[in-house]
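Below you'll find the structure I mean.
By letter and in written order, the chains are A, B, C, D and E; residue numbering begins at 1 in each of them.
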Amino acid sequence: EAEPEAVPTAPREPLATPSVRKKARELGISLYGIRGSGPHGSITHEDLEGAQPAAAAPHPLAED
Amino acid sequence: MPHLNMVQAINQALAQEMERDDRVVLLGEDIGKDGGVFRVTEGLWERFGAERVIDTPLSESGIVGTAIGMAAYGLRPVPEIQFLGFAYAALDQIFTHAARIRNRSRGRYSCPMVIRTPYGGGIKAPELHEESSEALFCHMPGIKVVVPSGPYHAKGLLLQALRDPDPVLFLEPTRLYRMIREEVPEGEYTIPLGKARVVREGKQVTVVSWGSMLERVLKAVGPEAEVIDLMTLSPFDAETVLASVRKTGRAVVVQEAPKTGGFGAEIVATIAEEAILYLRGPVLRVAAPDVTMPLPKLIDAYLPTMDHISNAVQEVLRY
Amino acid sequence: MPHLNMVQAINQALAQEMERDDRVVLLGEDIGKDGGVFRVTEGLWERFGAERVIDTPLSESGIVGTAIGMAAYGLRPVPEIQFLGFAYAALDQIFTHAARIRNRSRGRYSCPMVIRTPYGGGIKAPELHEESSEALFCHMPGIKVVVPSGPYHAKGLLLQALRDPDPVLFLEPTRLYRMIREEVPEGEYTIPLGKARVVREGKQVTVVSWGSMLERVLKAVGPEAEVIDLMTLSPFDAETVLASVRKTGRAVVVQEAPKTGGFGAEIVATIAEEAILYLRGPVLRVAAPDVTMPLPKLIDAYLPTMDHISNAVQEVLRY
Amino acid sequence: MPQEILATFNVRRLSILDPDGNVDEALMPELPDAELRRMYEMMVLLRTYDNRALALQREGRLGTYPPSFGQEAAQIGSAFALKPTDWVFPSFREVGIHLTLGYPIAQLYQYWAGDERGQRGPDHLNIFPFCVSVGTHLPHAVGAALAARYRKDPVAVAVFFGDGATSKGDFHEAFNMAGALNAPVVFVCQNNQWAISIPVREQTAAATLAQKAFGYGFEGIQVDGNDVLAVYRGVKEALDRARDGGGPTFVECLTYRMADHTTADDAARYRPPEEVASWRERDPLLRLERFLARRGLWDEAYRNQVQEQVQQTVDAGVRAMEEIPPPERSDLFTYTAAAPTPRQAAQLEES
Amino acid sequence: MPQEILATFNVRRLSILDPDGNVDEALMPELPDAELRRMYEMMVLLRTYDNRALALQREGRLGTYPPSFGQEAAQIGSAFALKPTDWVFPSFREVGIHLTLGYPIAQLYQYWAGDERGQRGPDHLNIFPFCVSVGTHLPHAVGAALAARYRKDPVAVAVFFGDGATSKGDFHEAFNMAGALNAPVVFVCQNNQWAISIPVREQTAAATLAQKAFGYGFEGIQVDGNDVLAVYRGVKEALDRARDGGGPTFVECLTYRMADHTTADDAARYRPPEEVASWRERDPLLRLERFLARRGLWDEAYRNQVQEQVQQTVDAGVRAMEEIPPPERSDLFTYTAAAPTPRQAAQLEES
């Protein structure tokens, strides 16, 4: 079945589904630096559990 | 309650509604004396006469066009197209007229009719006898598309379609005609159009399907899956799908048609628009490949299988 | 390089290919002496004669069906349908035959032809003159669908389509016929089918569109948006779209057609299947509402506007 | 007999009124003087309506418009043959029918101004909306006719279309269905000899359109379409036969499109001015004037009076049209179906 | 002349060979004895092929099959009229044409067994794939005919279809296009009087199908479809005329479908056994046997020899068919287009 593309190069941006990104936003967690344990190295909901809120980064996507 | 197959359930719905409402007339190729090539209209010509069960010349566009005029005049015609693959000739009448007459006349005329046609693959029949092109109709405002997945729902949905004030395409999964028997109440009952049903509840993944694929889905998936039977494709019940996806966080859509541009795309797109923040993984489609539908020798290699379905479910469960 | 509008660019492509390849013949209603109701074939009847620029009876299905026979015999016919809204009558020929003859004959016969037709809204014309039903064709394996968004691409894509070994539906956005002038090389050049182009690079959101909507997109969005012109809808260039979405993490698809079941759904579904891990928020569609296309007085209230487009972009940028 | 003749068909042509205004009394239909004058008045109304439509279009107040110039007799004669209970399925170039039946002029202009609401005819008129997709409405007429018969209503159905429409598959399927099921329908072709730039001799190799009926097992007849009396008689006989259970008839009205196809067309590109000129002499209005004059029913004073009256009617129609407020965005959603879908309802709320 | 006759059309019927095997010598086509015998042999081959198809279907080795029983003369007579360079567009019930032209029997069975590869005919045969969608292939024949004329190839095109097909819009659009553009095409209708359960008298109100041609401005003729000589002559004259620039012709072969519509049908539900029996007496094969016997070209020994020979041919075809390996999943992807799309390529890789 349609397999999400293998990541071509090291991603500039952490891989995560929109629901993980949303939870991270809510928890104030930056996805950077979290090791993803999901498919294709993506960050899962479980991966967020141990992570600490990033005090300085109010919005994880602020780099854009 | 008698156990009926889908052919019998549809026949019963037609007979009951013809009894109840003399506006209902049937027309099509071989539906009269022959009783229809699948025997769906068997006995109706004898019972209601040639004025209400009209054997027509071989002309799909003419059949639908004639039905449109009947509907405008105040009847509730039920044109039969012998196989969906021959309805392509009637698309102009359906798109240009059936779907638009209410709007074009600003409500002065309307087009209450039910176009019935066998559809879908797996019956080992000649070319064009196994098409699954429901998506074409779902893009046209003004026409409803209904697909039953078993005898009980076939009867209730058809009775409702026959009472709908607007045109309905009623697609009868040919593979199921005699495959499934169910308890079907003898009396009248209707099932609302535009509503999906949760066939089986589950927590981890939503599997959306309709028609003949539903039977495969139910065999292929385990208790982790919430299985939804759309029943009406146009307008489809986005709320039921979205509510389920918001709960499970994962979705697989199973269609029999070729993948690209199929109705599954609309379901996935709706999820991506309206429930994306709940998604834990990709939304996958299980579908036929984007190739010309083959003849019987390759039909099993073409149609989505239980393996395809369970593989897709497993794949999204990885997330 | 001369500045041409799209009518002139298409006319030039036809003339050049007819000059180069005597298999190319045109057929359709009013394309000969009259030069076509939009003057797209102007001068070709005088130049190439009535045997190659054939004025036909008023019969869309017959025109396409005749072209299929010509193609099977070895010509490269270019049937014109006067407006896409009248192509519904030819859907049977297109779906049942043009798209399947190669497969049905296992390669013994093929159907290299280009069905040209004006399409899309905004020209204040009578009913059925402004349809945007490209999605219907994109679900049918075996036929390509090409939509240019300006004169330069119209010429290059049409020349390529005329050389394609299989049937191509070439949809000419009527609203653009005389709206845009571009530098168009006099000589031959082709633009490959099946490839999208990045019209404008951007980092924060991918906006996918085609045909006449592209013009509105380019006016509506700012430098944050990466704008993609699909050019070929079937087969569409998923890779270019996905690569962009993987970069931007956001996407909006803009189509002129009614939302439900439009081709935009396929784009969104593909993104949801294959790029979900990169998505920051919902993928939105900008589209016409799911209603019967209106007459001119309401066409502006029906077609997607620049406001709709920029609102959708702003909305996804919130994520 | 090895080379047998199985059947013979004759293509008949009916004409009653000659170009000089003389009638064949044997064929002259029974029409009181007042009706003859009303025919004339309606033909003048149609022409006046058309002229005003062209003017409005030039001023940008109407959209593309297809005038009926030259076809007045073919339309008005047909309309007079109808009973109020009959059903009518027009194409897009028979407003003469609408006018005769009393369809509001304001709504006709409204439609051609691009406003769908013009299509909602008065409830007492059994006239279907204009059909823009050429020839695709013919099966609807057959269906309505079968429905009327099923209901035992004493109704015939008339459907109008051009020469171009005879090439469409729908023409065939409708004709064949009507013949096979013996539907009470009359097919009336306004053969104005052109379908945009395609002359009827390129539209079909058949020398007459009337003969197309033979392939469906019913009668086809050509009438002089510029002769309002022949048209009336031909269509009336056919409608009577239909109401009496005699089945379908095809009436070809041979006439001529004296103007451009529409305001978006330039007929000078494809047809010789001599041809157009030759038909100007056969103007159906002139012919009827001559006839009425011979009967003592027409003189300059009467003509002026009619023209003034008709002008007022048309003026009033235009004024009424211009007073109609423009449609609202919400009108988009009202009639796609009897009830909106949830998604439509949501779309209505948006912007 | 107010009620003029504009034109008169006669529906002609051609028959040469009577049920007792006598011929009208004046109309007898020039055919050497060997050709007459080959006609017979082909008719026996077709019948034998059909019988075997039914047997194979019963055994589950073929899918739904539409036999030609009763239509042997109408098919073989037509096929003999063709030149090798002519193009043929069959429906789904003219395997007699295929057999006569030398289409491999194994591939015919292969197709009816549900294997698309049976449709790829030999390159030297200009025969189009079977067309299952009734009547929709007629325009293709017109297009090929126009292309042949454009190429100045001395080619005529023959297209075959049933009585039911005459009701389709495509029939009309193809006939009209052929007439208007004077295409070198011959329309051959196998009027076997039934379209599944619909008898031809319910299919159309026209008393003959031949007369449908008049509506398109060309000739239509009915031939006795159980008379192989009349069919041959009628179709050959039409093909010759087409090749000579004389335009299209419609040949109606009046015959009878002696069996069920297909193996999925039960004709006893809708037609009286007497009717079928009455046609059994008019069996085209018997008729040709009688004629050949009168000419001294047929006796029991010859018949037995033909039957044996044909049996072997069919047996060999069946064996060859059964030796063909089944198609592979990858075959799904080969011919949708000249080259696969990226998505198709990916789908081919999947499971």
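Throughout what follows, a contact is a pair of C-beta atoms (placed from the backbone, for glycine too) under 8 Å apart; a residue touches a chain by one contact, two chains touch by 3 or more.
All of these numbers come straight from a predicted model, not from anything done at the bench.
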- subunit C to subunit E, fewest steps along touching chains: 1
- Shared touch partners for subunit D + subunit E come out as B, C
- Query: What whole-Å value do you get for the distance between subunit A and subunit E if each is reduced to the mean of its CA atoms?
  - Reply: 67
- Note on the structure: Between the Cα centroids of subunit B and subunit C the separation in whole angstrom comes to 30
- Query: subunit B to subunit D: how many Å between their CA centres?
  - Reply: 40
- Note on the structure: Contacts with two or more other chains occur in subunit C at residues 56-57, 59, 61-62, 85, 89, 92, 96, 103-104, 127-128, 141-142, 235, 260, 273-274, 276-277, 279, 281-282, 290-292
- In subunit D, residues with contacts to at least two other chains: 116, 133, 136, 167-170, 173, 176, 180, 202-204, 335-336, 341, 343-344
- Task: Any chance you could list the residues of subunit A touching two or more other chains?
- Result: 1-2, 4, 17-18, 42
- Item | Footprint of subunit A on subunit B - complex, ascending | 249, 276-282, 284-286, 308, 311-312, 315, 318-319
- Give every residue of subunit C touching subunit E within the complex, in rising order. 25, 51-52, 54, 56-57, 59, 61-62, 64-75, 77, 92-93, 96-97, 101-110, 141-142, 144, 165-166, 194, 235, 238-239
- Can you name the residues of subunit A that touch subunit C in the complex? 2, 4-5, 13, 15-18, 21, 40, 42, 61, 64
- Message: List the residues on subunit E that touch subunit C in their complex, please.
- Response: 87, 89, 116-117, 119-121, 123, 128-129, 133, 136-148, 150-151, 169-170, 173-174, 176-177, 180-181, 334-339, 341-344
- What residues of subunit E sit close enough to touch subunit D in their complex? 2-16, 24, 26-27, 166-173, 176, 179-180, 182, 202-208, 210-218, 222, 247
